[in-house]
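Common to both upcoming complexes is subunit A, partnered first by subunit B, then by subunit C.
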Partner chain A sequence: MENKQAGAGSKIKNIYKSDRHMWRLIIIMILWFVFMAVTKFSKFYTVVNFQTMFAQFPEFGLMSLGVMVCMITGGIDLSTVGVANMTGISMALLMQWASGESQELSPIWILIVFVLAILIGMVTGAINGILVSKVHIPPILATLGTGQLFTGLGLVMTNGSAISGFPSTYAFSINNRVAGIPVQFLIFVVVAIVMAFLLSKTTYGKKLMLIGTNENVAKFSGLKVDHILIKTYTLSGICSALGGMIMLANYNSARSDYGSNYTLQCILIVVLGGVSPNGGKGKISGVLLAIFLVRALETGINRFPQISSYYISLIWGAVLIFVMVLNYFTENNVKLFSKKKA
Partner chain B sequence: MQKLVRKLLQRNETYIFLIIFALSLVIQVRSGQFYTPNNIVDILSAMIVPGLFAVGAFLVILTGGIDVSFPALASLTAYATTKYLLDTNYEGNILIPILMALVIGAILGAVNGFFIGYMNLPAMIVTLGTASVFKGIMQGTLESKQLAVIPSGMKDFGTSSLFTATNAQSGLSSRMPVAFLVVIFVYVLAFFVLRYTILGRGIYAIGGNENAAYNAGYKVKRTKFLLYVFAGMTASVAGIIRVCMMQQCHPTNMLGMEMNIIAGVVLGGTAIVGGRGTLTGCFLGTLLIVMVENSMILIGVPVIWKGVFVGLLIVIGTAVSAYQSTKAGTKRAKKREEAA
Partner chain C sequence: MGEYLLRAIDIHKYFAGVRALDGVTLEIKPGEIHCLAGENGCGKSTLIKIISGVYQRDSGTIEFDGQAMNRITPIDAIMKGIQVIYQDFSIFPNLTVMENLAINSQLAANKKLVNWKNMRKIAEEAVAKIDFKVDLDAVLGTLSVAEKQMVAICRALMFNARLIIMDEPTTSLTKKEVQALFKIILQLKAQGIAILFVSHKLDEVFEISERFTVFRSGKLIKTGNTADLDDKKFSYYMTGREFDVKTFSPSRTTEEPLLEVKNLTLDNSFENISFSVKGGEILGITGLLDSGRTELALSLFGMEPATGGEIFIHGKPVKITSPQVAIENKIGFVPEDRLSEGLFLPQSIGDNIIISEIDRLTNGILMDKSRCKEEIDRWVKEMAIATPDPGNAASTLSGGNQQRIVLAKWLACNPDVLILNGPTVGVDIGSKHDIHAILQELADKGMAIIIISDDLPEVMENCSRVLILKHGRTAGELSTQDITESMILDRMM
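Right after this comes the complex of A and B.
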């Protein structure tokens, strides 16, 4: 079919085909960075801009990692934002209480607060996991319900307004930079490495894929599916809780309806990163790339003041559907633009 | 008689009805305000918009799909229609706005239907995406703002009433809006379609087992497509009715209703995986959610707790229905073992 001249071309094609999602993302990313370089070079390519970007994306990046593991099992976690906000609110209240009148907080509290946040994430995640695995509620509904519940609890705790009067020690230390690298990003890197390790180097990761591919087969081959599902949702809860802690630092306040469009954004990122919504397929590298791409896109769009910020939701929705359609074509081997073979 | 009781006890609707009844008694005891003519009419008129949304969501869930885009779809349609009619100084009656909403709703619903029905993409993610797109079109392209004035025809429709119920004790009275007739019409239509047409039986068949339905000769893709179009149309009418009843167009206050509506439908005994569910259950489930939302104040619970209660209701309700269906599954398996 192919002659020798096309040899190099077919090699590239093979590399492209080996990991379509990855290469597609990389191509989009390069195109976007070139576009930004041509149009808004001086505003986009600054150290501060990149530092801000790296400080911003961990909040929804962490949540996306949580959604990712759930989606690999064929489920979904829609309660991430609820968990994040509830964690942020309760920790803000705790710090307010701990500092008292003095508005001073010893650094040890930051550690305590993080440990407690992880605990909250574990508990909320375990609730989701039990509802999904033991009670057999479909993941969409279970996490929808608990998400509503956690958001509601956050609303009750704050009385509907924002909590802001807590010591600045916390926000200051998280918003800090270590050798020019934002602390938020460091937290994200740690979680991402742990996730990558769990997914690729442990049997847990393999089991996760098997459950996502076929839950019945997994059950009959002796896997404790319920246990693994609970673990997975717990993991997702922890990710969301940490995301909430970063949100708390970035906004320096906590409120029950912060980040309400993150639910969609997380699903977009995970699907964009090549995780199949039906489960069983997905790599963390794709999701990490997608997280960065989404942030770069949004930051880039914000550099054009004539585009209303309302368009962002339109763009996300359209990109999500576009990616799904693209996946549909590649998975079903429908070729629109190739020559028909004689 | 005994047979009837046993049959009723097996049905989800009976339990929902009992819960509604118990809740109404609690409200009645705490406030003495539930079983008054005006409160009943108030609840029914608060049912109009959620009730219409629920029919669309119910039919979609019956086929095993899900639609979370209807509030955004309804908001976009209602805003676009109202804005256009205001700009053209429309003076006529309600028919043109409803017709316009139906057309726009059908087009937007067809977008959902195309991706879900013909391309077989996951319904949840597609509708999340389209919801975001609809919202973006409304707020970005149309630059939606609150419209304090609405065309006179729509205003008249919103204020006209079938009858007025008055509470003799407190002197408060409530109107029953004409729009309630629309709800009755849609429910009757859905009832007949589900019960007496091939299309309706196909909806249950697809929800039960899509491949089997396809092999039995049902047009699976077309049925799904038509359903999302229908859901878009009912949602749009609901959006227009809401604008008429509120006497103003507030673009974003319908957003976020999807969770409660879906919860109501599932509480009414509709299986989230599709194939099982009744229209009565759908209505009763929605009624329960509306009652919880509207009557919290009557039992003295602060409004701020609403989210917690609705969330709990969703979790408990879906847990019960999931538990029932797994129990039914094991029962069936046992029977099969015994037969073998």
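Right after this comes the complex of A and C.
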């Protein structure tokens, strides 16, 4: 009997060990949902609350997917928020111009701005990719620089103020629900499926992982490393631009300093989701779970009026450090609570 | 003083139930040069770590200088005069030579302030002991591997060493540097210091040691005088297998060369190199470290495209400007350093095998998982890669098996010309013979093979012709059938 129990115990342990990051996230998620159920059931578990959450997380969720692919190559993308805001601002200005005095916008423009946004994302991402691969600037510096550049461009275009006088057609159609499901979430799902497909079903995904493991070996294996890096940053740029378009709809305005804490939050999500900052390791499933977890945490915290929203940054910083310390211990098999072997 | 300086008798050591050492014995006389040999994983390193106090033995006795040592800590070992020089030398690359040498005594004295004058004096005394000429203010990271090793030796000597253990000290040294190291070792011996020299290189064992001990799979196989040893016996003790050494001669070659190189030049590396290889031939390229042999290999594979001269493949001129072009022209390349150039260590064995041919394993845009698996299974079987699951990380394998993965990666691309730079560096003797057999078989099937190596026995055994490089120029091309190693050496030096 005892043996059998031990067997079951080790089985569970093996399942846990097979994907620690996933299971850790699932456990934290369950604990948090139980905690919210116990403390604020009526305020947290409402359809509207969940609809709001699903409308909100796509904006940084998309950016996180971009940061994820860059981090798998061993790089990072710090320009996401800059790209997002610049895209939002230029599209807001474009829609303002297109509608003229009438404040009317034909629905075809929504398609046009999305296509243009994707183009902006591609160009900005390709710039990052070229700086990283061809000019050999460390990704952290290259994207910090371009991020600042794009934010600055946004500032110049707006003179630092918010753009809000554009037709509400846009915000209205994106900030909408299809069969009760927020449109923002649907956009996110499409991108996430494309990403998952790229990572697990195509040779690009495999090459990405191996380049992140060791760029030099990849070169010696005949992979077009530069090409793949540029592709990757371009992908990240597209994600950021789409994130910017969702922000534009959610706020119904655009400004160069919106979402400034998203940079840290995206990195937090990606690391929490089990992507190694050293590259070569990571799964989209973990990152998706982490995106949702971070949103649920923030929404949950907001249900406690006594905790000021000013604490959010502090909490994210602390969680990021905690996760990385935890990863260090699991990856190096350091046992925190067991006695040292004699 | 007794007959032996160190006696480690009937040592057992288990790691998590796995037997690492199974009753091994090692006895070292004062002032002798003793060679400890064995393939990777035979327990050499474990025993060293037990002697130096890093690990504790599970059973057995250790006597040093006639005194039984019950529990050895690293400090005990140093106090008794046992010093280990590890492969990575355990030095601080960002500090100067002087700081590296003096830091231990400074730490031992528990000083908070640095006395530079004192440090310089300590360092000067240390290098004087072996007549080592070096700039004490040079930052260690800028020194050559051999110089770093000398610094480590000087540091070891500062503690009145009686026994110095060197863990594979010649792995990354050039021939000249190895000779310099051997001179130092003989000096140390003259000072009455015993040396335990860990190596699996035959020629070194013969040249330097007086007595030897061979381990295999955690067991003592043989100990005795080096004078009673020969190549064949040594290989047998190491591997438990007998090998027939026979020189390769091509069975049939193609009419036209598959690869021909005319006046190939890479600025500041090599110039005017010409040679050709037919299918079925194995060409050796050898030379000293600065001869341009590695750069030549990199140029042929497009990593550092040549700046002048011509390359012909199947008689047609091609410009190899990148590895992709090389692969398109059916050139495969096994690089020199498996760890930083050949393998994605933490990734699976399977991914490592198929990465270079991955674009062919698709149906349109999707990866064809079943064909990937087929390819992986095929190569794991064909190369006899010893793994229970090709999904395991490549880092779980031994050097020999890892090299088979790199080989499999290129064979999967079905090359006409295979270039190998140091194909058996850091590979145990058994696998080395297997890899040689594979290469000879490939040549017999019609592949053109180029082996770039400074391991002359390897070149002599496997290549039908050898091209010798010196200072970036051709110093001769010889047929291996009717020459001796010393003739190659003469042209290399």
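Convention: the second predicted complex is superposed on the first by the 333 of 342 C-alpha atoms of A that agree within 3 Å, B and C clash if a C-alpha of one lies under 4 Å from a C-alpha of the other, contacts with A are read in each partner's own complex, and residues count from 1 in each chain.
We take it that contacts are C-beta pairs under 8 Å (C-beta built on N, C-alpha and C of every residue); 3 or more make two chains touch, one makes a residue touch a chain.
As the structure is a prediction and not an experimental result, all values here were calculated from the model.
Q: Subunit B or subunit C: which reaches more residues on subunit A?
A: Between subunit B and subunit C, the winner on subunit A residue contacts is B.
Q: Looking at the overlay, does A:S133 come into contact with subunit B only (first), subunit C only (second), both, or neither?
A: In the superposed model, A:S133 contacts neither subunit B nor subunit C.
Q: Between subunit B and subunit C, whom does A:Y311 touch in the aligned arrangement: first, second, both, or neither?
A: A:Y311 contacts subunit B only, not subunit C.
Q: Would you sort A:K219 into first (subunit B), second (subunit C), both or neither based on which partner it touches?
A: The second partner, subunit C, only.
Q: Output check: A:G145 vs subunit B and subunit C. Expected answer is one of first, second, both, neither. What do you get?
A: A:G145 sits against subunit B, while subunit C stays out of touch.
Q: Determine, under the contact definition given at the top, whether A:S236 touches first (subunit B), second (subunit C), both, or neither.
A: neither
Q: Give one of first, second, both or neither to describe whether A:N85 is in contact with subunit B, with subunit C, with both, or with none.
A: neither
Q: Name, in rising order, each residue of subunit C that touches subunit A in their complex.
A: Contact set of subunit C toward subunit A: 301, 303, 323-324, 326-327, 333, 335, 340-347, 351, 355-356, 358-359, 361-362, 365-367, 409.
Q: With touch defined as at the start, can you tell me which subunit B residues reach subunit A in the complex?
A: Going through subunit B, the ones touching subunit A are 66, 115, 119-122, 124-126, 128-137, 139-141, 143, 259, 262-263, 266, 272-273, 304-312, 314-315, 318-319, 322-323, 325-326.
Q: In the complex, go through subunit A and note every residue touching subunit B.
A: Residue positions touching the partner: 76, 131, 135-138, 140-142, 144-153, 155-156, 159-160, 261, 263-264, 267-268, 271, 277-278, 308, 310-318, 320-321, 324-325, 328.
Q: Which residues of subunit A touch subunit C in their complex?
A: Of all residues in subunit A, those touching subunit C are 201-203, 206-207, 209-210, 213-214, 216-224, 280-281.
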